[in-house]
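Next, two complexes with subunit A in common: one pairs it with subunit B, the other with subunit C.
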Partner chain A sequence: MTWEVAVVGCGAFVPGFAGLSGWVRGEPSPDHLTARAEIVPKRQRRRASSLSKAVADAYADALGESKFDAASVASVFGSAIGEATTMVGLLDQMWGDAAMLSPMRFATSVHNAASGMLSIATDNRGITTAMGADYDTPAMALLEGIGLVLARGESVIVCCGDEAPPEDLVADGVGWSLMTAAIALCPSSDAPASCPRLSELMIAPGEHLSSQPGISENQLEEMGRNPSIGLLDLVVAIREGTRGVRALDRGAGRGYSVRLHGVAE
Partner chain B sequence: MSEFPPIAHLMPHREPMVLLDRLVDWSPGHVECATRVRETARFVEDGLLLAPFTIEHMAQAVAVCLGYEAYRGGRGVRVGMIVSCRTFEAHLDSASTGDELTIRADRERGNETLSHFRCEVRRGKEAFASATLTLFHGETLSQNPS
Partner chain C sequence: MPMTPYPITGFAMCNSIGANRDEVRQSLFEGRSGLGPSPIDLPFEAMVGAVRGELSPLPSSLTMWSTRATRIAAHLLGEIAPEMERLRERWRPDRIAVLLGTSTGGADTTENAYKHYLSEGSLPEDYDLFRQHTFGAILHVVRELAGAKGPAWMASTACTSSAKPLATAGRLISSGMIDAAIVGGIDTLCAMTLHGFRSLDASSKTACRPFAADRDGLNIGEGGAFLLIERSGDPIALLEGVGESSDAYHISAPHPEGLGARLAMERALEDAGCAAASVDHINAHGTGTRLNDVSECAAIEAIFGREVPVVSTKGYTGHMLGAAGATEAAMAILSIVEGWIPASLRADPVDEKIFVNVSQERVDGEVRRVVSNSFAFGGNNISVVIGAPR
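Presenting the complex of A and B:
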């Protein structure tokens, strides 16, 4: 059985860059060191973690480009460690300091914190799910999103991201820095022919970003360890107009990749 | 007679949540426990224990590993919690009532509050499920069961 879905929007948040376009151009922006999460009302934004805010920025960009209906679009949020910093902080507080827990912090410590925050912020009544699959998180989140497009004809935003892991959660030397990315998908028949298509999610060798203008090798390497990097690599390839088999991880996962192409290629 | 104390002395869990029968092997950072799948046990439905539920067996094996360490040092058992399951693989769908399971856990690294364990459950000689778990260690229970 062959399938195909269309890509109608992309987004990303990388600290120090103005969205996906800024990152692709390699132009640092001191005004974008932290995520703005302007799609989220101020009161909610104040409670949100840095990860949730970064997810909100990538999601908002993909939503804006796609012109999907914010109130009905389906969404898939992937993250390997989720809100681990908030959660470990709460556990420390609970057992280390024997302090009363903040119900607000508790509400934002769960894996679907960003999903809940964005569905409330946009008054969204569509399907939303949150998931984690370690270094295969981008591949599995895409699989979930593609499934929603193909099985239900949904318009879907798939968003992946991971914050820097809290101390001791991962082994020394394998930490990473924050990044998020998002991609908007819909049935191929609903999209203009100019939009790229995805097909064949498979375990096979694929290309990924190996250099980036304006980014040092160290920074690129640190970001490359982020379990969600595969989705950023994919949206960069889309923005640059690259085609071919694109890797969804950088060697730490099981080796999933996806075919990126134009109509009738 | 086992060289190890009863399992209930080594973990904070109480019936009906005690899923392991006995400790069979231990060295610092390593543990092997055994249990038989029982019709009346938690998570067993229609005589089957589905693979994903064995995460709890693995977590309890980690509790026993650390609990026996504490027991040998004359300290109390600590309460713990699974913080993350970075990987999980089900090699078989399920185990049936009467099957003998062995649960092994090996510490990859850790400190006073967080530990990372590679865990494996075997059904007889077959690999049943495996996972990498991160656990948070909290307070010490005030009393161990007598």
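Presenting the complex of A and C:
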């Protein structure tokens, strides 16, 4: 079966860089060490986790580029460990003094915290999903988004991100640093010919980012362990105009790749 | 355009009222609740729906992935082993997807591991975040035991988690990405969720009373349900349509007039290409909280009127959170197959702000089409239309 969807926007949040463009240029920005989440009203933003805020920045950039209607666009949020830091905070509360948990922290400990926050912030009553598949999260989130485009003709923003895992729950040297990325998809027939296309999600070898200006090899290696890195690799390739079969994980997943190309290539 | 109805060719359930679909069927038929005191040590009273008895260990090759959630998953697969064998004969392994949902995943194991860490200064030797906590652990076990090599992921949208895969399965089959899917979900009891719902003042110390005037909250339950959905095949029932929506209102409270719930039900009917009048029964989200039941029933009344029998099965199983959607879809299938609608337990007297037909006695008779609702934190809503084979 052959299919094709168009990419009409991208976004990312990497701490220390000004969005996807800053990351691609390799220009560190001390003004962007934390996510701003300006798409979210202040009151909600104060309660949001660092992951949810980073998701909001990547989502907002992809949404802005795509020019999709914020109040109706469908969304898919992928994360391997979700709000694990919030969960550990709740466990500390629960076993610390056996007092009542923070109800707000509990309500925002769910995997779909960012999905709910953004639907409220954008007054969106459309379809939104949160999911995870460990190191296959980018590939599977992309497939969920592609399914929405192909089966329902939806415009979709797929966003993946993982915060650093709680230090107490992982061995030394296996952690990673926070990053999020987002991609805006729509039916190929709805997009200009200049927009890149995706087709053929498959288990096959593919290329991924192997060096990056503005960041040390150690930092790059640490970021490369992030289960959501595959989507960042893909949006960087799109922004740089690269084509070909792009890997959606860096060896820790089942080896999914996607074909990135132009119209009629 | 309405979706193509897809055959549901097998289903399994395991929860506090039964270890398999026959036991669940019997409990629903007899109006027997599975709620009881919490087996988890808590500093407060809580009534829960716990899976009874011992779960079998995983095969030795999967021991490293052993958690309560993965053992429930293996148990569910065991119940549909003959149907799975038939499914594998019909479709290539890489065309069979595993699309599940959970809210807790392996959180119960992580809770215990973290407690060990706080007291001993180290995690238990056999604890591994990626083998016990994250969603990949359950997916790995299901894929291995089922022989499914297609796409696999876990939806996690709190209490709608295991209904979401029904929507995904329909879309992926329709777009040609897969031919069949194991869909469903699993959740296990955790101290954190019991503490959490108490902190929200949403849990009841006694057996929950969905729709009743003096209801005072929910009980948490555990367990799971799997359904097999195929491109074609011999149907037990049909997945006819799914409607999804967001409240865009509040992170943990439903829209007061049930706006998102109404949108989900309207979209599900549109997706199924059927009229509200053709629906014989609604398996409501019906948590037993003050806010949910009134807003959901207002939405039901606006679409379906006051006649269609409305039932909450959470009075039997408790609120199975991430496993509720699939479990209640499976109970909808039971109603169609068996020809009766279970009673909604402990609803008397019904809240005077609720005007729908809360069915407090079992209703015997043909059931052709059921709508099953699930709503969640984040204002996430989904309604599923299950129909009798045509």
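Keep in mind that, in the parts below, the second predicted complex is superposed on the first by the 264 of 265 C-alpha atoms of A that agree within 3 Å, B and C clash if a C-alpha of one lies under 4 Å from a C-alpha of the other, contacts with A are read in each partner's own complex, and residues count from 1 in each chain.
Here is the rule we use: a residue touches a chain if its C-beta (ideal position, glycine included) is under 8 Å from a C-beta of that chain, and two chains touch if they have at least 3 such contacts.
Source: prediction; values computed, not measured.
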Superposition on subunit A - do subunit B and subunit C clash or fit: clash
Broader residue contact with subunit A after superposition on the shared chain, subunit B or subunit C: C
A:Q212 touches, of subunit B and subunit C: first, second, both or neither? neither
Subunit B versus subunit C as contact partner of A:T108, first or second or both or neither: second
Touched partner set for A:N226, first subunit B, second subunit C, both or neither: neither
Touched partner set for A:A130, first subunit B, second subunit C, both or neither: second
Subunit B versus subunit C as contact partner of A:G147, first or second or both or neither: second
Touched partner set for A:D168, first subunit B, second subunit C, both or neither: both
Shared subunit A contacts, counted only where both subunit B and subunit C touch the same residue: 80-81, 84, 87-88, 91, 94-95, 134, 168-169
Partner subunit C, residues of subunit A touching it in the complex: 1, 3, 80-82, 84, 87-88, 90-91, 94-95, 98, 100-104, 106-113, 115-117, 119-120, 122-137, 139-141, 143-144, 146-148, 150-152, 165, 168-170, 201
Interfacial residue positions of subunit A with respect to subunit B in the complex: 80-81, 84, 87-88, 91-92, 94-96, 134, 168-169, 171
Interfacial residue positions of subunit C with respect to subunit A in the complex: 43, 103, 107, 110-111, 113-115, 117-118, 123, 129-130, 133-136, 139, 151-158, 164, 168, 170-172, 174-177, 191-192, 195-201, 244-252, 259-260, 263, 376-380
Touching residues (chain side subunit B, partner subunit A) in the complex: 79, 81, 83-84, 86-87, 108-109, 111, 113-114, 116, 134, 136, 138-139
